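Every chain is named by a letter (A, B, C and D) in the order it is written, and numbering of its residues begins at 1.
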Amino acid sequence: METVVSIKPLLASLVSLVAVIPIVLSGKRPNLREGWTFLAGLIKLGLVVSMLPVVLAGGTVQYTLWEVLPGLAIAFKADAMGMLFALIAATLWLVTSAYSIGYMRGLHEHSQTRYFSFFAVALSATIGVAFAANLFTLYLFYEMLSLATYPLVTHHQDGEARASGRKYLTFILGTSIGLVLPAMLIVYSLTGTLDFTAAGILSGTTTKTVIVVLLLMFVFGFAKAGIMPMHGWLPAAMVAPTPVSALLHAVAVVKVGVFSIFRILTGIFGVDLLRTLGLGETLCVIASITILAASLIALSQDGLKRRLAFSTIGQLSYIVLGAALLSPKGMVGGLLHIAMHAFGKITLFFCAGAIFVATGKKNISEMVGIGKRMPVTMIAFLIGSMSVIGIPPTGGFISKWHLLLGTLEADQLPMLVVLLSSSLLNAAYFLPVFYRAFFCTAEESLFPAKIEEAPAWCVAPLVLTALISVGLFFNPQPFLRLAEMAVQFCVGG
Amino acid sequence: MIWQFDLLILALGVLCALASISLKDLLSAAIVFGAYSFLMCLLWTEMGAVDVAFTEAAVGAGVSTVFFLAAVYHTNRAVKPRRRGRLLHKLVGLVTAACIGLLLLSATADFPTWADPNSPASVYLSPFYITETIPQTAVPNIVTAVLADFRGFDTMFETSVIFVAGLAVLAILGSYGRRQRDYEPSPTGQDAAHQSSIVQTACRVFVPFMQLFALYVVAHGHHSPGGGFQGGVILGASFILVAISYDLRVMQRRLRERLAMLFAGLGVLIYAGIGALCLVLGANFLDYSILHTILPATSPIMARSHGMLGVEIGVAFTVMAIMVIIYVNVASHGKSDRGL
Amino acid sequence: MEMLLAKYNYWIYVTLMMIGIYAMIAKCNLMKKIIGMSIFQTAIIVFYVSIGAKKGATIPIIAHGHGVAHEAVRVADYVNPLPHVLMLTAIVVGVGTLGVALAIAMSIHEKYGSLEEDEILERQE
Amino acid sequence: MISPEQYPVLIVVTPLLSAFLINILGNMDKRFCYPATLLALAGSLAAAVGTLCRVANEGVIHYRVGGWPPPFGIEYVVDHLNALVLVVVAGVALVAAVASKRSVEEEFPHKITQFYTLFVLLTTGLLGMTITGDAFNLYVLMEIAALTNYALIAMGGNRALMASFNYVVVGTIGACFYLLGVGHLYIMTGSLNMADIMTILPSLYGTNAILVAAILMLLGAWIKMAFFPLHGWLPNAYTYAPSATSSLVAPLMTKVSVYIMIRVMFSVLGATYVFTVLPVKELIVWLATAAIVGGSLFALSQKDFKRMLTFLIVAEVGYMVGGAWLATERGITGAILHIVNDAVMTLCLFLFSAIVVYKTKGHQLSNLEGMFKKMPLTMTAFAVGALSMIGVPPTAGFFSKWYLILGGIDAGQWQFVVALLFSSLVNAVLFFRIFEIAYYEPHSDHHGHSAPVAIDEAPMSMLLPLAVVAVAIIMLGLYSGEIVTTFIQHAVPAGI
C-alpha cells in the first residue's frame, strides 16, 4: 500500500471553484466564458486521471489541508472508491458542459453566467465529496453542494421554481442538519475521530441500539440518495433546466448521496460490524421497498423527466442494495452501478433535453412518432434505456450481473426476486417510449417525417455517452478494477 | 446611634416611599419623594456616612427633586385614574416584589449583626484604609482618600457616568444644532419681570455665597465631608437657582450650554488626563505618587494628596456643568428657551 | 427584640426595595415608574451604608489639627469608609439614570401626548 | 514610550480619553468625529491585540490601577478568557464604527457629535466590564454601558423611545440586582476583588446569603443579556434603535453580559459552587433550551427583518447560557467560542440590516426583494453570515455549535442538543426564506426575464466592513482549533 502525499486531490476539487472567478468576470463574452469552463473541466479531468495510476497500483493520494479541531480535519484522500466516483463526475462534467452550451443557447436562457458559475461550484463540491478523507470533509462538501445547486434548480425563478426550490432545500438541508449532523456528532463523541478507515471506527464502542439508530439517521439523512420517504425533492427538482437535471440529478447530487452512504457503511460502520449485527438485511429491505415503489410510480408518469426521476430513485436504491448485501460481488455491483447508471441515465436526460430544445415537448404522450423526426436522439434513448434496464450489450448489464451474483453470494434470494422484477418494471416504463416514437402509423404520428435534430452541441454529447454505455459492456475498465479494489479494501478479503 | 431614632426615620421613609408612589398628583409625589430623600439623608448622617448624606442632600433631595418638578411641569401633572384595573400588572408586581423580598430576607439571617465591629466588612479591608490613609496619602477624610485614590478608578468612571447622563439627555431631548433662536413666550405667559422680585433679590444675595461655599466644599474635601461631587452639585444648583428665579435665558447668558458641555468634557479630561500623566511618567495609571517628579517641593505622599485635589476639581467641573445641562434641557424641553 | 435590633435596617431596606419593584412593574404612569426606580436605588444605598456602620465608631474623618498630636489611628474609632465610597458612586449613577429616564419620558410625552403606558401602547398601533 | 506593561489599561483609557476629545472637537467641527472615533477604537484594538499576545506568551496579566495592591485597590486581570473577549469587543466596535458613517449622517445629522461620543463611551464601558477584576468596578462600567446604550437607542425616536424607556427600567433592575449581589458578597466576605472573594468563599458555601448573592448576580446578568424569560425588553429596543446603534449594541451587549455571567460563575463564585452546591444546573439548561426554541419560533413569526434578527439573539443567548451550564469541558468551550463567533455573526447580520435600511428606508422582509441582483456583493457577504447562523461548515457558527452539541451529549442533556439542532433548522428556514425573497425579483415573468436591474451596491464605507466581517467569519471558523487550544482551554475551570 503506497501512500502519496500530494495536493492533487484538493486541486482537483478547487480548480472549478477557482474557475468561477474568470467565469463571472467574462460574463459579457459567452465564448470566453465557456472556454474557461472547458479549461477548468480539462484540468480537473487531467488531475483526476493523473492520480489514477497510483490508485490502480493499490496506493492512495492523501492531503490534509487544515486541522480545524483535534480529530476534525479538512483532509482529502483519493482511494479506489473515491477515484471511481471522481472519474465519472469529471468526465461527465465536460460532456455536460458541451451539452449545456447547446441547451442554454438553444433556449436563450437568462442568467447564463450565474448558471455556469454555480455549475462549476457544484462540481467542486462533488469532487470534494469523492476525495473526502473523513466524514467532516464529506459533510462540508455535501452541504456546499446543496447550496450550490439551489440556484441551478430554481434557475427559472418563477412560481414553480420557487415551490420546487423550497421542497428541495427542505428535504436536503432538513435531513442533513437534522439527521446527519447529530449522527456525525454522536459518532465523534463516541470515537473522537471521523476518519474513514477500512474496518470502520464504530465497532466495539457502543450498543446495538445506538448503532441501529445511527445507521438509520445516516441512511435517511443523506436525502440526496433518494431513499423513500426522503425522495420527494427529486421529482420536484425536475423543473431545473435539463442539463442540470442530467448532471446533478442523474449524476452528481444523487450519486453524492449514495456515495456518501457507501462511504459511511464501509468507512464508519465497517462491513464486519454490520455483518455481525445483521443490519444488512434491514438495509436491503429499505432499499428494495424504494426500488419497487419507485418503479411502480414511474410507470404512471407522463412527463418524461418525471418518469426519469422516479427511475433514478429506483436505480439509486440498487446501489444502496449492493452495499447492503455486504458481499464482495454485491458491493462491486453497487459501485459499478454508480458508473453504469450514470452514463445510461445522463444519456436519457440529454435526450429529454434535446427533445425539448427541438420540439418543446415534455410529455411522453406527446412524443408519438418522434423517432422519425429525431432518429439519432431516439436511438441513443434506446441505448440508455437498455443500460438502465440491464440488457446487453450495455454497461448496465455488467453491474446488474454483479448485483445478482451478490444476492446469491449473500444468500438473499428475496433480493434476487426484487432485482429481477424491478428490471421488468424498468423495461415496462422505458420501452413504450421508444415504441411510440418509432412504431406508429403516419396518421398517428404527431410530427412531420422530416429529420430535424437538436443543435449539434446537444446531440454530440448524447451520442458520446450512449457510445460509452455500449463500450463499457465490452470493457468495463477502469471502473470494474477500481470497484473491486475498493471492495477488497473494505471487506478485507 | 440611637435605635429608636433610627427606626422612626426608617418608618417615616417607608411611609414617604409608599405615599410618593400612590399619590395621584405627580407634583405632590415629587415633593414627597424629596422628603423621602431627605429622610434617607438624615439616616445616613446618623449612621456616620456623612459624605453619602451630603451627596444625597445635594443630589437626591436637591437637584433630583428640581428635575422631577421640571419634568412634571412639562408633562401631565395628574396620574390618570384607571378605569380598567391593571390587575395582571399589579399581581405580577406583587408576586415579584414578594419573591424578591423573601429571597432577600432569607439572606439577612446569615448577616452579621448590624453595626457589629467584628463583621467581615469591618475587619477585612477597612482597617487598611483607616490606618493607612494618613501615612500614605496625608488626607484625613478617609472617604475622600478611598474615593479619589485607592478606588480612584471607580470615581473616574463615575464622573464619566455623569458626563454620559448629560450627553444622553442632550442627545435625546436634543438642543443645539437646531436651537430656536427666536423669542418664544413661555407657556405660562409670564415674563421675567413678573417673577417675584423678593425671590430675585434673595437669589442675587444667595448665589455668590452658594458658589463660594461650593468652592470651599471642593477644596476642603480632604479634611471635611465634601469634595468634587458635592461641591459640583452645589455649584450647579446655584446656576439652577438663577434659572428658576429669573429665567433660563438669564442663566444662559452666564453659562451657555455649549460652554457647559465644554466644561463637562474638560472636567473628565482633567481626571483622566492626570491618570494618563502618571502613566506617561512611568507609573501605573492614576498612581499620583509619581507626580512628585514634576510638582515642585513635594514628596510622593503629598503628591497623592495634590493629585486627589486635581481630580476633585475635574469632578466638580463635570458635575456642575452636567447638572446645568440636564436642568436646562429638562426645564425647556430641549429647546433652551426661557424654561419654566 | 434582640433580633429586631440586630437586623431591622436590613428589613427596612428589603421593604423599600419591594416598594420600588412593585412601582416599576405595576404602575402605569411613567413618572411613577421612575420614582419607583429611584426608591429601588436608594434601598440599595441603605443596605450598603448599613454594612458600613460600626458600634461605637465615629465618622470616617481622622481627628487631626494643629493642636492634636499625631497618635496611632485606632481602627475601632471610625466607621467603615468603603461602603460610603461605593454609595457615592451609586447616588451619582442614580441621578444619571434619573436624568436619562426623565428625558426619555418627556420625549415620549411630546410624541404621544401621554405618560400612561397603556395609552402610549395603544397610540403606537 | 509606553511599555507593554501598560497595555491593559490603555485598552480602556484610550477610548475614554478620546471620547471627551471627540466631544470637544465635535463641537467645533462635526467632521472631526468620525476619523477621531476610528482612531480611538483602532488604538484600543491595538492595545487589546498587544495584551492578547502577552497573555498567550506569559499567561495571566495583573495590572494595579493607581499602584495599589489588590484587594485594596482596583485590579485589572487579563486572563485567557477576557483577553479574547476584549479583542472581539474592540474589533467589533471598530468595524461597526467604520460602517456607521452613512447611517449616522442620514439618520441624525444634527447629533453626530453626541452619537460618536456616546458610541465610544459605550465601547469603553463594555471593554471596562470585560477587563476588570473588581466586582464593584464592573458595576460602574455596566452603568456607563447601560446609560450610553439607553441614549443611543432613544436617538432612534418614535417607537424607540418607549422601547428605550422599558430598557431603562429593566436595565436598572438588572444592574441593581448585580450591585445587591455584590453587596451580599461584601457583607459576608468584606472584599470586592473577585479573586479575593473566590478564595474566601469556600468556607461560606453553605450560607443562604451566598446563595442569594449568587442568584442576584446571575439574575442581573441574565436581565442584561435578555435570557429567556427575561428577554422582553430586547426585541423592541434593538429593532427600533438607529442602525448604527444596533450594529454596535446587538453584537456586543448580550455577549459581554454572557461573559460577565461566566466570569461570575467561575471567577467569583467558583465552578465548584455553581455546579455542585447550587442545585440549578439542570433547570438552567432547560431554560436555555426554552430560550432557543422560543427565540427561534418567535423569529419565525416575524415579518420585520430586523425584529427577526433580535429574536435570533434571544435564541443565541440560550446557546451560550446553556453551554456554560452544561458543566462539561466541551460545553463551556463551546459557550466561550460562541461568544466570539456570535459577536462576529451578529455584527454581519446587523451591518447588513443597516445597509438595507440605508438603501430601502425600511427593515421589513419585503424590503429585500431583488437584492441579489442589485447588491450581489452585499448579499454574498450576508449569505456567509447567514450560513454561519445556520451552522454550515466551514463558517465559524458550525464549530461553536459543534462544541455545544458535544457538550450536551457529554452532559447527557439531550433536550439541549435537540434544541440546538432545531434552532439550526429554523435558522435555515429563516435565512433561506430571505434568500428566496432576495433571489426572486418582484415582477418577473415565467422565465425570469424581467427588466434588467441595475447593480446598486452599498456605499464602500458600509460594504467594506461587511466584507471584512464575512471573511472573518470564515477565518474564525478555520482557526477555531487554534483559538480553543491557545486561549479557551485555559479559560475552562479545571476539574469538571
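Here are some notes:
The definition used in the following text is that a residue touches a chain if its C-beta (ideal position, glycine included) is under 8 Å from a C-beta of that chain, and two chains touch if they have at least 3 such contacts.
Owing to the predicted nature of the structure, the values given are computational and were not obtained by experimental measurement.
For the pair chain B and chain D, the distance between mean C-alpha positions equals 31 Å.
Mean C-alpha positions place chain A and chain B at a centre distance of 75 Å. Separating the CA-averaged centres of chain A and chain D is a span of 44 Å.
Centroids of chain C and chain D (each the mean of its C-alpha atoms) stand 30 Å apart.
Looking at chain B, one finds that residues 104, 108, 111, 119, 121-122, 125-126, 129, 151, 154, 158, 161, 164-165, 168-169, 172 touch two or more other chains. Shown for chain C are the residues that touch two or more other chains, namely 21, 24, 51, 82-83, 86, 89, 93, 96-97, 100, 103-105, 107. The touch graph of the protein chains shown belongs to none of the named shapes.
Applying the touch definition to all chain combinations yields A-D, B-C, B-D, C-D. Those residues of chain C that touch chain D in the shared complex are 21, 24, 30, 33, 37, 40-41, 44, 47-48, 51, 82-83, 86, 89-90, 93, 96-97, 100-101, 103-105, 107-108, 111, 120-121, 124.
Residue ranges on chain A touching chain D, taken from their complex, read 66-70, 72, 74, 109-111, 136, 139-140, 143, 147, 150-151, 154-158, 162, 165-166, 169, 173-174, 177-178, 181-182, 185-186, 188-189. On the chain D side of its complex with chain A, the touching residues are 387, 390-394, 399, 402, 405-406, 409-410, 417, 421, 424-425, 428, 432, 435-436, 439-441, 444-449, 477-481, 484-485.
On the side of chain C, the complex with chain B involves touching residues 5-12, 14-29, 31-32, 35-36, 38-39, 42, 45-46, 49-64, 70, 73, 75-76, 78-89, 91-100, 102-107, 109-110, 114-116, 118-119. Across the complex, chain D meets chain B through its residues 1-2, 6, 9, 13, 16-17, 19-21, 23-24, 27, 63-68, 71-74, 110-111, 114-115, 117-118, 121, 124, 128, 134, 136-137, 140-141, 143-144, 147-148, 150-152, 154-155, 180, 184, 186-192, 207-213, 215-216.
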